[in-house]
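Residue numbering begins at 1 within each chain, and the chains themselves are lettered A, B, C, D, E and F in the order written.
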Amino acid sequence: MTPIPYSQIEIGKERTTGGRTITETDIVMHAGQTGDFYPHHMDAEWCKTQEFKQRIAHGTLIFSIAIGMTAGEINPLAMSYGYDKMRFIRPVFIGDTIHCKVTLTAKREHKKPGYGIVDETVEVFNQNNELVLVCVHLLLVKF
Amino acid sequence: MTPIPYSQIEIGKERTTGGRTITETDIVMHAGQTGDFYPHHMDAEWCKTQEFKQRIAHGTLIFSIAIGMTAGEINPLAMSYGYDKMRFIRPVFIGDTIHCKVTLTAKREHKKPGYGIVDETVEVFNQNNELVLVCVHLLLVKF
Amino acid sequence: MTPIPYSQIEIGKERTTGGRTITETDIVMHAGQTGDFYPHHMDAEWCKTQEFKQRIAHGTLIFSIAIGMTAGEINPLAMSYGYDKMRFIRPVFIGDTIHCKVTLTAKREHKKPGYGIVDETVEVFNQNNELVLVCVHLLLVKF
Amino acid sequence: MTPIPYSQIEIGKERTTGGRTITETDIVMHAGQTGDFYPHHMDAEWCKTQEFKQRIAHGTLIFSIAIGMTAGEINPLAMSYGYDKMRFIRPVFIGDTIHCKVTLTAKREHKKPGYGIVDETVEVFNQNNELVLVCVHLLLVKF
Amino acid sequence: MTPIPYSQIEIGKERTTGGRTITETDIVMHAGQTGDFYPHHMDAEWCKTQEFKQRIAHGTLIFSIAIGMTAGEINPLAMSYGYDKMRFIRPVFIGDTIHCKVTLTAKREHKKPGYGIVDETVEVFNQNNELVLVCVHLLLVKF
Amino acid sequence: MTPIPYSQIEIGKERTTGGRTITETDIVMHAGQTGDFYPHHMDAEWCKTQEFKQRIAHGTLIFSIAIGMTAGEINPLAMSYGYDKMRFIRPVFIGDTIHCKVTLTAKREHKKPGYGIVDETVEVFNQNNELVLVCVHLLLVKF
């Protein structure tokens, strides 16, 4: 754990994660964890009749795994405040491999004195470098 | 599956889900699914030295379970477009029981002709009716 | 939850569930839950030497998933009493997609005054509409 | 694997399994496997308002675990044909420890020439030796 | 449980387990249990650029499953003392089927009076009978 | 990934991991993954009659989690060669929190030209700083 105060956070800084292959296991486990057994994720026969012809990963699965992948060193001065502008750009299929790019895109003072908000833009790409999900992670960081 | 076109979606409509108890199992499984083994979720000894004195659920876990709980009837004319303004208001502890309230709070035409965006505000409460998480689910719905 | 007393239950009423694809993950998880690691489910090499040439799902897995799929609205006046005449008609293989048909086939008064037994016949079909499992679910319902 | 033909199966023979403690993990995993998130199993707050005051295990969970526990030596001449008279006698709570008694209670010739049906009565008891579940396992065995 | 004292353990005795197919599910679950999400196990795209061209099972997974497969009858006079000379000979890929051979290779008195150490050499083979892992399981056994 | 050749590896270097609480979920999942349902891990009633009065974690579980916890930065010049002298010193109970200390204790040339073996001694401690498991991880490292 390395403490990095608000003042030392540099806008524009980027980091990239390794990759992770999204498996049928991940989808079945996520359905089991969330109770979302929609046919888009669980019924291969029905999916054959739909636009993408195959099962697609839950949006909440790709989001959760991506956030897990971007969880690097702990900054004890920062805590997760929320997320903005999460958008599902492309479906993720079984066997796709995703990786993430994290960019510090903005920072501003918070109403709570002695704290600021830092925006981490998280972009998730598949193995063809196509953007599949984007969101802005808001971190509340001590001065 | 009951098709409900954009025009028939009524702003102000509410629905409430049943409850679900968040267990140690959910946290351990979510760490395993996402790779987020931060001590806030996994190290009961370290947590004793922190503000809340106990392990807390991952934000992505509560979000994913809440979205799963709100997944009711499938509207084949609607698809999940994204989420806005997700905020973590209070921590969720092992043994807390959450339920959700979903309110259709806004709708507007989308740039893609023949489609509109519907805002579902999802509020997640614990067993004391305290708000723990809020977000706006954006649905892209055919006219 | 909608209370439906014994007297209002109509024999002959049918409902059909959506589909669910049975995956290798389901079989591995069910072995792990039950401790049944028989080679019929877990040893692809041995299965190649047997009649079906491939791994087959546990009977208890298909039964448990089917019962889960048929769990719709809760009737607070009914409780699960047991099952009769469960028969395994055909094997279910990895990648098969099952769905269920539930028919209210009989009802009769129970020895416990003020209660009746309702028979729900559950039929499970694969993607070729072949019957794979059948059982009768007995529900104890208040008058 | 030891082949035991129909003719050598002795009615009245009994065997008893070891014990297994039913955990919250088992219930959460079984909900995830089957999609049955009924509040009886998943909502500790709601359960406090009900007869048993606490969450109870799914019937299909106790059945599946019990059958797994009774799966001993493989008899290559026998296959599972189905189950009769499954009855849920008492609820199983988190922390209860179950064990099983298996008794060969009947045998008879089957319509398929060269085969017989053997009835294995499976009784499941909790740590107080109270019967919680009973069923009859039908085995199709070669002569 | 059958008690077998140290004095009755015969060096040279062998036993062989049945087989088990190692699945993608096993690898994803083991990553989730241990937190080891190294690309060797989880990133199929990166693996294509490496020597083996595909994901490989964790060494700790194959070891844990093999030890589970060799856990037969409980000897109440013996307890697991440790392991020596564990070596990873060949990678195990998704879809490989492993089985184990256990040989009692040595025994000797222990410093704790009334106890001896027994060496069980565990060899794990794939479906081509190639050795993939070997280790020596040390058992502390009462005289 | 940072390549560190054999020549640059410094004997005596130490690192310590964060902590992780071992839960009932971990034990149930590990039984499910390995098929080891011995009563020492799964039968709380039987355990009450034994020395430790409660369920204990599988040795292979603590070993696997510890190795996962020590998996830090990938050294692309190193690969896992095996383990020596794994010893189970104390039992780990549900709710114990473990952490690991890794010390580079020895290095030597390997018979394969251009490679050396590095010994990483892994010590696993509980929340009372009592040693529970020790082993030596052998790494094959390029010159």
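Quick note on the criterion: a contact is a pair of C-beta atoms (placed from the backbone, for glycine too) under 8 Å apart; a residue touches a chain by one contact, two chains touch by 3 or more.
Predicted, not measured: the structure shown is a model, and the values here were computed from it.
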Joint neighbours of chain F and chain E, given as chain labels: B, C
Chain pair showing more contacts of the two, C-D and D-F: C-D
Most widely separated chain from chain A, with each centre as the mean of CA atoms: D
Copies chain D and chain B - interface residue numbers shared by over half, same or different: different
Averaged-CA centre spacing for the pair chain E and chain C, given as whole angstrom: 37
Centre distance in Å when chain B and chain C are each reduced to the mean of their C-alpha atoms: 30
Where chain A touches two or more other chains at once, by residue number: 20, 24-26, 29, 33, 35, 37, 39
Chain contact topology (line, ring, star, complete or other): other
Chains grouped in pairs wherever the two touch, ordered by label: A-B, A-C, A-D, A-E, B-D, B-E, B-F, C-D, C-E, C-F, D-F, E-F
Touching residues (chain side chain C, partner chain E) in the complex: 24-25, 28-29, 37, 39, 42-46, 55
Residues of chain B that touch chain E when the two form their complex: 29, 31-33, 35, 37
In the complex, chain D residues that touch chain C: 20, 26, 29-30, 33-36, 38-39, 58-61, 63-65, 67-69, 71, 74, 80-88, 135
List of chain B residues in touch with chain D within their complex: 18-21, 23-26, 29, 95, 97, 127
